[in-house]
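There are two complexes below, and they share chain A, which is joined by chain B in the first and by chain C in the second.
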Partner chain A sequence: MAEAAIIDSLKKARIEELLEQGKRLDGRAFDEFREISIETGAIPKANGSARVKIGDTEVVCGVKIQPDRPFPDSGDKGVFICTAEMLPLSHPSVETGPPGPHVIELARVVDRGIRESHMIDVSQLVIKENKSVVGVFADNVVVDYDGNLFDACSFAATAALLSTKSPKWEFKDDAPALVEGSEADLPVGTIPVSVTMVRIGQHILVDPNADEWQCKDARVTITTNSDGNICAMQKGGHDGFTLEQIKECGKTSARIGAEIRKKFDGISAGSDAEQ
Partner chain B sequence: MDVRRRYVIPGDTITSGPYRPEQNVTLVGDKKIVSTAVGVSEIYDNTVKVIPLAGKYIPKINDLVVGKVITHTSLSWELDINSCYVGFLPATDVFGRDFSAHADELATKLKTGDLVAARIANFDRTRDPLVTISDRDLGKIDSGELVEIAPGRVPRLIGKRGTMIQTIETATDSIITIGQNGRVVVACDDAEGLLKAKKAIRMVNSMAHSTNLTEKVREMLESGNDAPREAATERREDDKE
Partner chain C sequence: MVLLDENGIRCDGRKVDETRRVMIKAGGLKNADGSAYIEFGDNKIVAGVFGPRDVHPKHMSDTDTGILRVRYHMEPFSVGERKNPAPSRREIEISKVIKEALEPAVMLEMFPRTVVDVFIEVLQADGGTRCAALSAASVALADAGIPMRDMVAACAAGKVADTVILDVNNEEDQAGQADMPMGYMPTLEKITLLQLDGILTPEEYEKCVEIGIKGCMQVYELQKKALSEKYFNNENGRGGSGRGQKR
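And then the complex of A and B:
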């Protein structure tokens, strides 16, 4: 897993030295994202899909819609599940096989960000209460790794969901039956945007690349909704943040999240646009 | 007359003349010399070889490599040498013959992420290569910046009789350590010089197949930015005083 890649001590020292001078290795400001490109309709056969690039990090997400059984404790809600996977071609340290703890965490953080923002109103995805509901599966695949997979996967899943055309089912003869020729957008309420920050020494950096990721003392991923409210947060790394730093990170995520959210404007089902 | 240099893919017959097969070629039957890699075939004197366009580093005894410490056991370090093999650096090489696995802690000398200039001491493809740092100019690298290039481009970076690397070193006042595994460490007191040297190395890496490359690199190095270099020289002279 790319998390295990080791940065050489010379580069680490250089990154830390530059941070003290208020600079980053690639010349960005501390709160500046790399260039983000969002392209929808990347997988023609999927119900919705997107390809997102943040600098050299690249993620493809496909959305599959199919009838499913509801969870036993929530028969009046549809199912939404977001997964993530890293391809061996994404980084030399990634091997085939079951996902490691970092990839499992990646999927869960992305899933939580979208779920807790209530982007998709799952109560509208019921075919027959307690019997059959619509399942929405967003599967992220990391094609190229250069740090900050949390945000790349989150943007890809969000864009793919926005571009999704969902088929319709009706409950007939104790089973869901497809209603031919009727498709609709997913019931989307808000647009979640996650912003990942790392702390290296006393400096907080937004959108760390792979090298900065290796130097981090701690990291935090904060997801905000369209109203600018924080709806999910995940902290990682071997060290912590002070209360002041976390407050600052919250403000940064809302401010930068609002800018990034504009990139999702105009994405709707059937639009094959590059933003 | 055989074509001296041409692009080949695995399986291409390079020649059936009386030549000695060297790297990335194999003898099929009695005469046919066939490529085993994608690259440029070269017939020189009485030898035939293929310079691969891409690929990992395959260790060769006596090669100088720049390794990165991945981990260590109680008896040895493991080095990432940009290869499909892991470099194996025994603790006795650093601590000497009276090394004791109980008393000596390996992490005190080399820790994860440290870069070392090492030499391949032994390798036969059946076991991981044994590397050594007990020689002049070998050991931990404390300063400079690491630039990675394709291992196949290393001869191009050195140039014929070292012309290319000398050009870069003189023009930028830097000291460049080139590992045969494609890892290059550039040390330079002057930030401008460092940037230029790195740019030149990357230029060689991306333009390795063009002719007259040394001249192009020299032109790039000399274009316009002489002032900072002079300033740097002055500074060093001031330091001496």
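And then the complex of A and C:
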């Protein structure tokens, strides 16, 4: 997995040296994202889809909608599941086989950001209470790796969900039956935007690329909703943050998140286009 | 269920800034190099530490530094409905965040090519297991005599009934608005574990982090007490059953 890839120690020294001068290796400001491209409708066979690029990191997300059984303790809610996987072609260090802890964390953090923001109102996805509900599955695959998979997968899932046309079912003869020609947008309440930051020494960098990812002391991913409130967080890395740093990260995530959220404006089912 | 009544009292009788009853015991396991047992409310968790020792499989070893491995595991009987004993994705993620919360504290660079294994077993779970587990693991590492820069103390903050609270219990986690587990190194003043699910305004977020650190400081005092009880105040004259000496 790319997490374990090694970095040239000269490059690491150079990155750290530049940070002291207030610069990043690729010339960005500390709080600047790489170019983000969001293309929706990339996979017509999926109910919704998106291809997101952040610099050279590329993620494809497909949304599939199908009737499902509700979880035993929440028969009045639809099912929403978001996954993420690193494909072996995304980086030489990725091997086939069951996902390791890094990939499991990635999938869970991306899922949590979208779930906890209540982007999808799952209470509107019930076909028959306690019997049958609509399942929304957003599956991310990492196609090319250059750092910051948390945000790339989160953006891809969000864009794919916004572009989703959901079929409708009614409960007939003890089973869900498809209602032809009644596709609609998913019940979307808010748009979550995750912003990942790394700390290298005393510097906090937004949207780390693969090299910066390798140099990090600690990282944090913070997801904000359309109201500018924080709805999910995950700290990682082998070191920590001070109280001041983590408060600052909270503010940065809301500020940068609001800018990025504009990129999702106008994405809806039937608006397949590159943003 | 009323999560917070008009007098500011929570469903289990606590005030908003009060933790549950916490009991920490250093040692307890004979075979582990270090161990600890914690009761955090109704959570009952045991942690055992082995190492520094040879790394198996060998390819995992690092010639520059020792490595830390953490396994957080819940017993099938620890929760309401029987849990499949195989490690779930949730347990794998928690193992990873606990590992990363402990790493800044443990001076692994002193033991290249070795591993320190931390095994955490949740015997009974009642909300906030990862914090209790991390607090116990810290004490177990110290009990094993492994050089550390600081302890890691952990406690959660959260939000119920639009109020920021300390130490979220199981009911509050299920029905509340936000849960923010935190791990903190009190001397180095560093946050080493931080997660959040639930919605917080920017103001509530800052308040949560601050109250969470206060909770960690309370746990820290109990961690120190547990270690000093084992190593310095042993009344029965055994001089401590671990590697420590009676002073």
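Everything below uses one rule, namely that the second predicted complex is superposed on the first by the 275 of 275 C-alpha atoms of A that agree within 3 Å, B and C clash if a C-alpha of one lies under 4 Å from a C-alpha of the other, contacts with A are read in each partner's own complex, and residues count from 1 in each chain.
Heads up, the rule we're going with is that a residue touches a chain if its C-beta (ideal position, glycine included) is under 8 Å from a C-beta of that chain, and two chains touch if they have at least 3 such contacts.
Computed from a predicted model, the values in this text were never measured in an experiment.
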{"item": "Combined model on chain A: chain C and chain B, fit or clash", "value": "fit"}
{"item": "First, second, both or neither for A:Lys251, with chain B first and chain C second", "value": "second"}
{"item": "Partner chain in contact with A:Lys12 - chain B first, chain C second, else both or neither", "value": "first"}
{"item": "Partner chain in contact with A:Ala210 - chain B first, chain C second, else both or neither", "value": "neither"}
{"item": "Chain B versus chain C as contact partner of A:Lys235, first or second or both or neither", "value": "second"}
{"item": "Partner, of chain C and chain B, that touches more residues belonging to chain A", "value": "C"}
{"item": "Closest approach of chain C to chain B (Cα atoms, Å)", "value": "5"}
{"item": "Chain A contact footprint on chain B (complex, rising order)", "value": "68, 70, 80, 111-115, 141, 143-146, 185"}
{"item": "Of chain A, residues touching chain B in the complex", "value": "6-12, 14"}
{"item": "Residue ranges of chain C touching chain A (in the complex, touch as defined)", "value": "89-90, 92-93, 95-97, 100-101, 103-104, 180, 185, 188-202, 205-206, 209-210, 213"}
{"item": "Residue ranges of chain A touching chain C (in the complex, touch as defined)", "value": "101-102, 104-105, 107-108, 112, 115-118, 220, 225, 228-243, 246-247, 250-251, 254"}
